[in-house]
């Protein structure tokens, strides 16, 4: 019994670890924020956005799991505890209470813009140290960009 | 556009709101903690516990959604943001890093014991004000008790 | 060949019979009214509400069948004939012709508020005479309350 | 926002509207009467007839929806409210209470004979004004005739 | 390694244990008796009853498993061994050999009446000590009552 | 190896060939135009219309394949190449760039009105020469009329 | 217990009965002949034709059942016994023994040409007496023509 | 291109060929006779027997295909043409017209008794020459015996 | 109405009846004992064994049904009542209470060894009188031997 | 309401836009040309190529949608209108009329060679400006190359 | 922890072990050779044979697993390592490089003839020592013979 | 008929061919070795590892097929024959006989470490000559690394 080893070490491992942990926090908190809006949204477009948010939650959860398991596979401990999320999330938090649909659309567009930008930075950062990790960020960015477009399109 | 009304008011509403919000925090944080262990567990029994934790995550997520939507249906705003979780969770948090399988089993048994006890308190609290909410806690308690047994049984 | 007997008799049976028959009329007529709006709605939000109304129809039909079969199982004859519905429904009927989406939302919110309130009365009424019947009303109320919220949220 | 237009007008539209509305009432009330017997039937052949009636309910509901949506597509308002059914149905209504299986078979054979005859009249009536509507009646008649045979065969 | 603990103790635990063990014996033996008739039935109505009995077997097996796992979750050992069944079943046993369909219907109606009555007693008994266990009996009683009706209806 | 023969010849074959080729162009170009709008739509109702357009694409593709294979089965060469579409389509083409949701709804209503009208002309034209081809146009008209209604209803 | 009645009588019934019985023999014998070739075919194109023949068998069986049940629904006895097939089939029978793939293709093209021609005659014959029966022949002819094309295309 | 060879020759091949061809005729004709009764049955038990006959048809068709393909695999030409069936079937043919349910049950019991007996003779005959062919008859006999019981049981 | 006949008689029938009844008792009691351990097992390997036991239960139930229906098909009454099981089972019964995982593995290995040995004796016994029954024991022995290996392998 | 923004601008955006629009035209026209051949192919290998072409159509449609939605997600308007296809496609168009199977194989091999080469150029072009777009071309090239091989292999 | 025991010993065990190990090598190498041809085949019939080879691979893999697990269940170690295959396979190996379709058909026919012949020898060899193992060879021979026929038929 | 061409030539083609052939041998032999352990493992953790090994087999087979078909698509002959595997595999072979679970875990961790390292070398090698091939290695490495972690975690 013990720790997990992996093919990376030194700076390469640190760089990849930082990118993976950052993405994990982004994706878990994205799922929490999208659920929060899924529950508290009101307005004429309640139903289509309520459903779209749930699709986004599924997508964020699936990618979060992939990212965390990539970390473990490289011998890096993923940290997805609520305190860690609260301390390190870069996603601006919605206020409590009912949220009008237009505000949900605007907020999610902004949040997804930020997550997408950070994923692109992670694509850059991991190009050298680990192509297989980079590929995960490439595919996540595809999905995040697509979701951002579909929120922005309904402004 | 505006707020959601519901059949409850006054103390009844406050009591139910408190129970629902408490359960929501319990269930979301349970899903985060179980995922954390799903990723960081090591030991001879890695695989069956790794898989069981994912079943628990699915169960906790599904109940969390039901509870939050019950709140919304009663005109109560559910709050599942990471900062709220960090501030109000009653689940003892695991340390970061690899966790041995025996410790996972012991920790999850304790956590589920606590969640189960609080669900039973919510069954008591909501008996008078709202039988339909109480019924949700009754069914959640069945699942939590069952999961607790299946962790404890493998100590 | 003959009649069906059951575990209840006297006042208990009468109380439960009245609650079940009332719920049956509520649920069948809810399915008819929701279909009527599903077909006649117009407006910018036609599509999401058109689809939501069909989900509500499915839900109402399924619960109606459960309630009617509970009645039969207790030796009580369920009555779901159109004349009975016309005579005893408590659901305010929509006018004929095209209905604007906003009016559909407002009308369905009101109708579901009424059905939900009567289900809660049936929960009260059946607590003593038959817990297994009460449990059906508890679960129907959960669904009706949820549907009411989702209509009200898009006002 | 407003009304729905369509390719028909004048007498053609009136003829088709009358046929569609008549078929809608036939099909919805057929579903209600078949459910009524599904719940109240007793006798040695309870089970196969109980199940056959539910198949008939599904078939009637599906055709009713197709007919009502054809009406809407032609700019004709379908009317499926319970009062309309009660006022205009041509289906002889069963008495309340338990119904012996032999009587169910005989009654359903008669009801389906009537519905089938009226569908054939609608095939005639819509031949000129609207072949696409006629085709729906042609296919409904196939199903109604088949169900009639299967009830009659078990007399 | 060791025993399973649970939230109940003393009289509450004893009462719940007795109810769960009684229900377990009822449900397993119901599955055995229904299979026995499924295999040995003869008569004009062989096929629908043969199939209905298999549905009843599935239902009884599923509820038996739920009840036994509820016991384990409460730290109570379920006992479903054949000797225990033989010693403690309250279900009158059918004779060996071919059984005519009318006798199967009458016997199953009686057996289900008895199981249903004992489930209602268990609903009463567990109301105080454990609402989550009570809820299982409530739902089992719904299914048992429905099956009883469907057998009685074909007398 | 060689050409395909069929039951029609002379004027009958020419009439049917013209109708089938016309319908093929209508249906393929309908699928292209609907996809164009599916990708370029913006506005509050983006999501429900985006999804509805994809359903229309599937429907148009499926009918196009049926029509082309009917042509081949009659020894008539279907022509669905892009140059043929560009030269012979009767569907007014949308401009390039983002299209507001209201304009999408209005444009699709008009396009579907035209396709529906041409399908009805093909029903007339093929009545004499080939009932089996006519029947395909009858069913396509049902779907096109229904889609037109559902776009018009959300104006 | 007794015979099945139906909406047709006299010449109309006789005409429809003759068409249905003729189609039944065509379709059952088509399924037998296609199976015979499915088993006895040899040659380079064995596999795609072997598979296509099985699709044709499924199609012929499904249509045969529909036709026979239409007959029963009209009070006409379908006759699909082997002696009846042997006596009245109009399909030229293949010789026994292995059959080369080219011969299978040529033979099936001819057989399907004949079945298709007879189906078109039945479309004519049933136009007046029974539109719902005619519609079945219309749809069968679509499938038979399509299969004929796909065999002819691989000559 | 040419014939199919196989592992058997001489008497062994002749014996196996005779058994396979006999079984093929039995199974195809069983499927035709069962369909004939499926369509022409009348009586109180119409529905369960109508459905059971269709299950028997599926079973007979599946086994027929297996048997014919076993023959082909051994270089033996299966012959399932209608004239061959008419000439060599050992199944007593039902009369044309409606058949009462009791008669269907008695007739099918007899037919299946005969088919089962001949299958057992084929098990004997093929024991020496080809165990893999014998095994197919063993499994067919299991199904035929089971079907015979289920028909006989409802006399 | 009456008894079921079959192809066997005299000693052959008695031998087969004894083998089938013995196998039925083995398989039903195997399902009961495996469920008992499924519920009462404790230890580090709780989860994989808990799941394996449920697979074994499914397997035993499926084979028990096949065996009992083979008996009925041969005119032999299967007897699966709890008293019969208690009186005639040859499976050593586990004690009540929690059972450690190692003991479960050892016990199940022994039990399956015994069941497998008795199945092999039944293969011998039925070789002469009924090959189709023998084949069922052959296949059951394959499954029992495989399960025994998989329990023994984890000692 | 308005336009969609995205992470790219200037030359990077222009390069990516050109690559995406070029791929879109390639993929839509590939789907049209493959369908054209799917309908008009004749020859001994009709069936396997007819089916393979439909798989290629599905693949081309799916990738076209992905590419167009990537464009939209980057704020670039995809243009898939028939006139645009006719004007800008680089795929050599097949002549009208029946096409022999050998010619289909040769033509599709050439077309896919060209599409594959252009996809590789797009992989080069987008490496710098947008890794997530490049990745889509990488995966499309995998599928196009595979299809090309499978056509070439059957020359 | 240790070895697996089983019901066989001495010569019986040796005979069965030799048969099982021989079959395992045959089946694994059959899967490798069929995959080799699946990848390297060229010629007009590429596609149907390419697909048939993959079906054969699935079949060979499934039977190989069954055989190896039967060995384990009898306490015999299956050996499926590549060196063992290379050393003991009796299947003539194809040359490297592209293989024309006609040669694939001829080669696979020969290979399957050999595997089939060896399976029949194993049926003989295991008749006495283990009927349950023999039955597996009986069923594998059925599949191998069928595949051989289908390859030979397309020569 | 002839060879397959492709977009690569010279050194680029040789480099890619070497990488693809190396990966093919790694993946096929990985599937053989994992199956070998799947069958011969013994020990307390038999079941979870037995199941995990089968998942690994599926994964290795799927990737092997993708790699071999990529080779063919580039005009490179994949070679997956057993002699080639035996001669060129770099995977250390397990000894024959039962293998204890701990040794399986350690061995598989080492084997997967080696395969993962070689896949990373292939990612490097193919970056220049063929990005589409490189992407396949990137994704295979993700899966291999993940499997390695899950074996190492249970040491």
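Which chain is which? They are A, B, C, D, E, F, G, H, I, J, K and L, in the order written, and residues in each are numbered from 1.
Just so we're on the same page, a residue touches a chain if its C-beta (ideal position, glycine included) is under 8 Å from a C-beta of that chain, and two chains touch if they have at least 3 such contacts.
Going by UniProt, the chains are A, B, C, D, E, F, G, H, I, J, K, L = Starvation-inducible DNA-binding protein.
Small disclaimer: the values here were computed from a predicted structure and weren't measured.
Here the chain-to-chain distance from chain F to chain K, counted in touching steps, is 2. At the chain G-chain K interface, residue numbers used by both copies make up under half of all numbers present, so the two copies contact each other through mostly different positions. Contact tally for D-F versus B-I: the pair with more C-beta pairs in contact is D-F. One copy, chain D, sits rotated relative to the other, chain J; on C-alpha atoms the angle is 120 degrees to the nearest 5. Averaged C-alpha coordinates put the centre of chain H at 31 Å from the centre of chain I.
Centre-to-centre, using mean CA coordinates, chain F is 62 Å away from chain I.
In whole angstrom, the spacing between the mean C-alpha positions of chain H and chain L is 49.
Averaged C-alpha coordinates put the centre of chain F at 23 Å from the centre of chain J. In chain J, the residues that reach two or more other chains under the touch definition are 1-2, 4, 42-45, 48, 69, 72, 135, 153, 155. Taken pair by pair, the chains that touch are A-B, A-C, A-F, A-J, A-L, B-C, B-E, B-I, B-L, C-D, C-E, C-F, D-E, D-F, D-G, D-H, E-H, E-I, F-G, F-J, G-H, G-J, G-K, H-I, H-K, I-K, I-L, J-K, J-L, K-L.
For chain B in complex with chain I, the residues that touch the partner chain are 44-45, 48-49, 51-52, 150, 153-155.
Chain C makes touch with chain D in their complex at residues 1-4, 28-29, 32-33, 35-36, 39-40, 42-44, 61, 65, 68-69, 71-72, 77-87, 89, 93-94, 96-98, 100-101.
Across the complex, chain D meets chain G through its residues 116-117, 120, 123, 134-135, 138-139, 141-142, 145-146, 148-149, 152-153, 155. Chain G contributes residues 1-2, 4-7, 69-70, 72-75, 131-132, 135-136 to its touches with chain D in the complex. The touching residues of chain J, when paired with chain G in their complex, are 41-48, 50.
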